[in-house]
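A, B, C, D and E label the chains in the order they appear, each numbered from 1.
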């Protein structure tokens, strides 16, 4: 337990003597994956003045450490959720981190995926190495900032804290998108910024309404008081505003005009992080709100409607897309719509399906954006790419098959889960959503395999030379993720069981409250 | 192309042999009856290909229709040489036409009969002085009956046909055999008229061999000339050739496709 | 039980009930086997694996062998000998099938059940499954054989991957076996998707126009699969279970509107695969442009999977009698008549489209669509003879189409073209291939004495006895169109003038010839003695609860007009004997002449003159009916594509608003308005 | 009728600021004006947040300030709003920085024109035709290739893209 | 049911007849058909001659033609398929006529039935088509293409008629049909019961026999008799034999379907000759239709008449 000392020094832990000390230590260490990258991000610039190599290594090291801590926490503490009061201030007054399996899973995913898509890794063959060297520390700092904020989003148990992490993630992502300094990326960033900032404004208004109604922003406490105070239109309005605010990053339908532009202009790895990771964490926040605070069926319906619209517009637009990044961007919108639909299903099934489809999309879309690093041109230019990069093309086909939902693969079981869930819901809106999913799947298969076939066509003479195969690192990452997909597909039964346990835990409101407030606390004495 | 001068001159024209029976006479009485029956049937069923090259054709419709009605004699018109027994040449034949006539004649199945109608087929008639017509038909193919006249009336045509029928029934109308037996002679005349590279698509020599109609004068200088430049005319026989089976070992350079 | 190859063979021979004369043959087999079983390797490995294999459930055994085939092809497909290995493996699958008494008696029922992600997957093989499995494995077997030798060598030389081909074929076969054995909706869908994607793989293998066609197929197939999924969802929402038993109960309890919806969803899904009108446009190009041997397999069985679905759901579960009670509002048609008419139109329109084709592969592929209509039509009539005819046609058609496509691709193998205007006169060069094609076209056109006649006769007969005049006329008109186009096929390839460039063409290689000839023999035998096939069909009918056809060895016994093919074929052969006697016995000697010795109105023919009538073969007919069906149903496809494009354009437009926050504000206003 | 108190007026003002800001974002084309609108909206939201802690006649929430036991305003929103303002300012600063860079690159700040240029640059980089060109009517825009049977047969080249 | 056990059952025992008698029937029926066919050919040519005020051929002219053609000393063959085609053309009809019951002889009518007969008569056409194709003469191919188109044209009313008749008698068995028609004398004849179908059938018969106005596929002056262009000697002779069978089959089928079959030979042959005389007479006073006009005609009038007839039959 080498970590005991710094943790103790930094935070003066709230030692509850009833608990096993080691467990508490490990549990409290969960704060580190948020704090360490933040510190490292601020240290980055000075460090780069001292040693460039050290600065380069700092980010990955911190992330690896974070991943190790989270994994450790998960293994040591076991399946039960736990909460950590930051600075020792207990729940309603202080800020808490709540770590159940879902949160830990996504926190871990943040570390791992940021590491896998670390902007500085493996991208050795840069033309302007000098400019890259100049930019590297700033970019790495932003990436660390993003990782920190995203981890915070996953763990935080306080709405305003979430808002702050969300803003932090937004600022980091603005910076990352225009990190390579092209004019079009800056324009896209500005547009993205306006959308995001105005969304934050609306979210802030939503938070204000929430606070006005309940007098607290702690999620556990909100969960306790929500049934009395947040029924009716006022509560729903708050949810709607929060949905709009957080929906910007979650790529929900009317709030995602920035998506194709940003993904078409940003570096592919940044796109991979934004599309794969950040969007899931934003969705996670919405789901937390939905489960704990806004339990009205109307709230779910709102999410469902946005999801359906997202699925339809995303997939149809992707059908028309003529370049690879935008095709992936639109496809990502469609998939996130599917996530929204899945989470809008009642009960454990919904959470299970939603988590599964979110993870599925996280794995696949990140890997695809990784492949798009070099295949960033028009679809026509991809003709014959399989000749130069047979492995990458094969992986693309594998991912495409799973996205479409071809039976033995994981994607099929997820679609089945959603289908069963929607059918059991049985309302006309549910059936409409089902129809939309089916329609969108057909469209999706068509455009994905249009690309796949193009990859395997004999190459056109002058294009063969222009098209470089994806970098070795990206292919390797795609391999790794593809292997994950295959493993999950093979071990589908245990995987689903594990996710079901997770979903049950996530859906248990009382557990959340009990975990955050170990003794029942009187409210507003 | 061989020049016309190089074509050997044919020998003196021989008279058309009539009534020469091939092979030994059949002694079996049933066979004789059978032969009789066949000859009778042949004489009573004549399909006629009329090659209407000249004005004589005008006299055929009356011969066929209600006034004279050839069909009561078992004669009816046919359109393809394969089906026909009689080749009816009605009038003058130009050199160009004669080529077609010979081709058509060779394509007919034996026993086949040639009838020349009008003077033009006999001796050129009013086209005697024309550079472009063949004067004597039986220089180029054996003719069974000539019906002279310019033009012969339908009665004469019917009478001529009756004569042919009688010849067939009695077994005397076998001028067609002469074409096989003395092919060299006819070919020589044809070559003189059409040039040395003259060839039809029918392999008469092979046919003569196949049907035992080969005679001493079938081959000669002219057929030798023909064989120098003749396109091969062997029939396409069915064959089952599987190269993969034949050369299993030398597989490296084989390709079953044509050429 | 004591298991050695010898005992297995003994059991098999005993099961065959062979006459006594075969004892000697059996003895030879036994001795040679004893030789093998005495070897050391056998006693060490073979004995155990054989015992293990024999101890298995038949379905397990079949699946295991099929999966093994797939695995081995994946690992070893690159080897030169992979073709032979594939043949052996498919042969082993067929042997596994034989061990279930499918061919020689009542098939055994067996099942497999696994649980995946708390969904139970259930496979159960019954008479219907075995029937389709038999056709599938048989098709894979002959296809693998056809592809094993010379064909594959050429395929490799063209730069294609042999492994990909073998894997695609094995995957197809495996998927179909999973599909036909499915006993719940989930396993059905699983098999369905597997088959769809495996077919896609097989079609897209060679790229070029094949890939384009495959993409089009994919658009149709996935739409169909999604319809299917919708239907499955509907059933699940009502019955609450995927198991067939529960499904039947659920359907029984459904209202008419629900059954109609189900019919449209499921029927639509299956119809896409079967290529029923108006979903048939993908099929011809996709099947024709697949690599030769793959095309054979696809043509023989692939589209029948759609029919299988229809048999299971519409015939087996909903039932023809229920269909008859489903009236179409404001008409006097029932849904059964609707389906029957769709089937009839499926016969006519593609058949006459085939008549227009000038590519042999396309011609046959279009016919494949048309023949599917006969099967459905027979099933929709629903009486004993009609449904038996429809089912029997699956088998008969499979062997016919496989033989036909093999012959055509043998010609392509030798000449490099399937263009009917570029061929001719090949009968003298490829006589055995000609014979195969001849048998095939007689069967396809439904003329005696070949297999196709029996099944078509049964369909006609049932249409007459059930009093469906217009459908009968439609079926016969389809057959007439088939006669027209298959004559064009054989004429333009094999008859007429042999082109100069094809003078040196050789007969098809032996590896391709053997399966072709085997299938031809089967086509003739199945026409001569339809009894065995009818016995399978009768089992299937019993399984599905349909009236069972009264069959005998030679055909059907019925006081209202039966059919005895043994007599018919016998008298036909006798007639041919008489004809030969008249022709060869009473005629003069004939002499074969060169093809240039031909009547051309006195014209001199030379080898370079193309003296052949092949282009625009039925000019008179086309002049009349050409305008009727030119581009028929293509407008539907085009308008769908245009709609999709328009919708997509609109959707994309939403992402192209000049002000990024506009939609956000609008959404906020709309949501707040909805909330209050 | 809602009573016209200081509270309601403040609330209405805050919401009004947000609405004005939102409308400004939508209506304006000039990037700087959009930024100002955003600032306005953010002020509105912050005002709203701080108002949630407001209680009529209450004192500042400082222990020992004012009479003991007197009602205090809720201190939490004030803390929160401070954070929010800081974040907002950070975002605005970032926006200004990017805006300046954009202006240096393109020399304009018109949203529509910038968007058009961005689309054009993306298209050029990807090697595809610029989308949505107004010169080409809808029916003649390049469609994604739906395999046309006839085209496939003749293996003719697919239609030319773009005008 | 196990088909192997079915095989072990003596398959022949299922059919009840006397062996020898059947063999005799099977030999006699084609022979009678051939002889009657010769008569029909003669009648055809006589009718044509009489209508043109000619004398016409002598009595045995059809026979002489056939003998002469077979006795040709040189015969032009274009290959094996050319020959097999003729064998199939003759053999198919030889087999087909055994399915057509005549007075006192049922032949194989119990084993086949109407549809089998109809399809059996397509075998000769197929054989002929194959043989013609092998000749490599485009005139022949054009002729076949037209003949097949003609078949498509006249078979539409034909199958309508067949459906109506089979439905009316409730059986496909020709023996049953004859028995049903003979049960009540002329009143139960198909012609009386189904006059419209009989009319449509007559149209179809005209096309089936390939006589004017529906003989565009022969068109001697245009395509040199089409299918027959390369047929000489015994090849043509075989076709003449086939024509005999064809005329007989057409006439006898019509008689069986509509005229009560034959009570005994005299009436049977009389009916056959009368029925066949009708299209022959019509043929000699008409010119010929073009292919598409013929198709249009067949698909319009006889089809409509036939459908109307079915409507009456099915009520």
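Going forward, a contact is a pair of C-beta atoms (placed from the backbone, for glycine too) under 8 Å apart; a residue touches a chain by one contact, two chains touch by 3 or more.
If you're wondering where the values come from, they're calculated on a predicted model, not measured in any experiment.
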Report task. Determine the shortest chain-contact distance, in steps, between chain C and chain D. Result -> 1
**Report entry** If a chain touches chain D and chain E alike, it appears here
**Finding:** C
Query raised in the report: Looking at every pair of chains, which two share the most C-beta contact pairs?
Result: C-E
Report summary line: In terms of CA centroids, furthest away from chain D sits chain B
Query raised in the report: What chain is the most remote from chain A, judged by the mean position of CA atoms in each chain?
Result: B
Query - Between chain D and chain A, distance of the C-alpha-averaged centres to the nearest whole Å - result: 22
Query raised in the report: Taking each chain's centre as the mean position of its Cα atoms, how many Å separate chain B from chain D?
Result: 101
Report task. List the centre-to-centre spacing of chain C and chain E in whole Å, with centres computed as mean CA coordinates. Result -> 35
Requested in this report: Could you give the separation in Å between the centres of chain A and chain E, each centre being the mean of its C-alpha atoms?
Outcome: 80
Requested in this report: Note the residues in chain D that touch 2 or more other chains, in rising order.
Outcome: 22, 25, 111, 115, 131, 144-145
Query raised in the report: Which chain C residues sit where two or more other chains touch them?
Result: 208, 212, 215, 219, 425, 427-428, 431, 498, 589, 591-593, 595, 597-599, 645, 649, 652, 656, 661, 665, 668
Query raised in the report: Tell me, which residues of chain A touch at least two other chains?
Result: 191, 194, 198, 202, 319-320, 450
Query raised in the report: Quick one: which chain pairs are touching?
Result: A-C, A-D, B-C, B-E, C-D, C-E
Requested in this report: Spell out the part of chain C that touches chain E in their complex, as residue ranges.
Outcome: 16-17, 104-106, 424-425, 427-428, 431, 434, 438, 442, 446-448, 453, 457, 460-461, 463-465, 467, 469, 472-473, 476-477, 480-481, 483-484, 487-488, 490-491, 494-498, 531-532, 534-535, 538, 551-554, 557, 559-564, 566-568, 571-572, 574-580, 582-584, 586-593, 595, 597-601, 611-614, 617-621, 623-625
Query raised in the report: Along chain B, where are the residues that touch chain C in the complex?
Result: 80-82, 99-101, 103-104, 107, 200-203, 207, 210-211, 231, 233-245, 256-259
**Report entry** Partner chain B, residues of chain C touching it in the complex
**Finding:** 149-150, 413-416, 425, 427-429, 431-432, 498, 501-511, 513, 589, 591-599, 602-607
Query raised in the report: Can you list the residues on chain D that touch chain C in the complex?
Result: 22-23, 25-26, 29, 111-112, 115, 131-132, 138, 141, 143-147, 149, 151-153, 155
**Report entry** Of all residues in chain C, those that touch chain A in their complex
**Finding:** 115-119, 186, 189-190, 193-194, 197, 200, 204, 207-208, 211-212, 214-215, 218-219, 222-223, 226-227, 229-230, 233-234, 236-237, 644-645, 647-652, 654-657, 660-661, 663-668, 671-672, 674-676
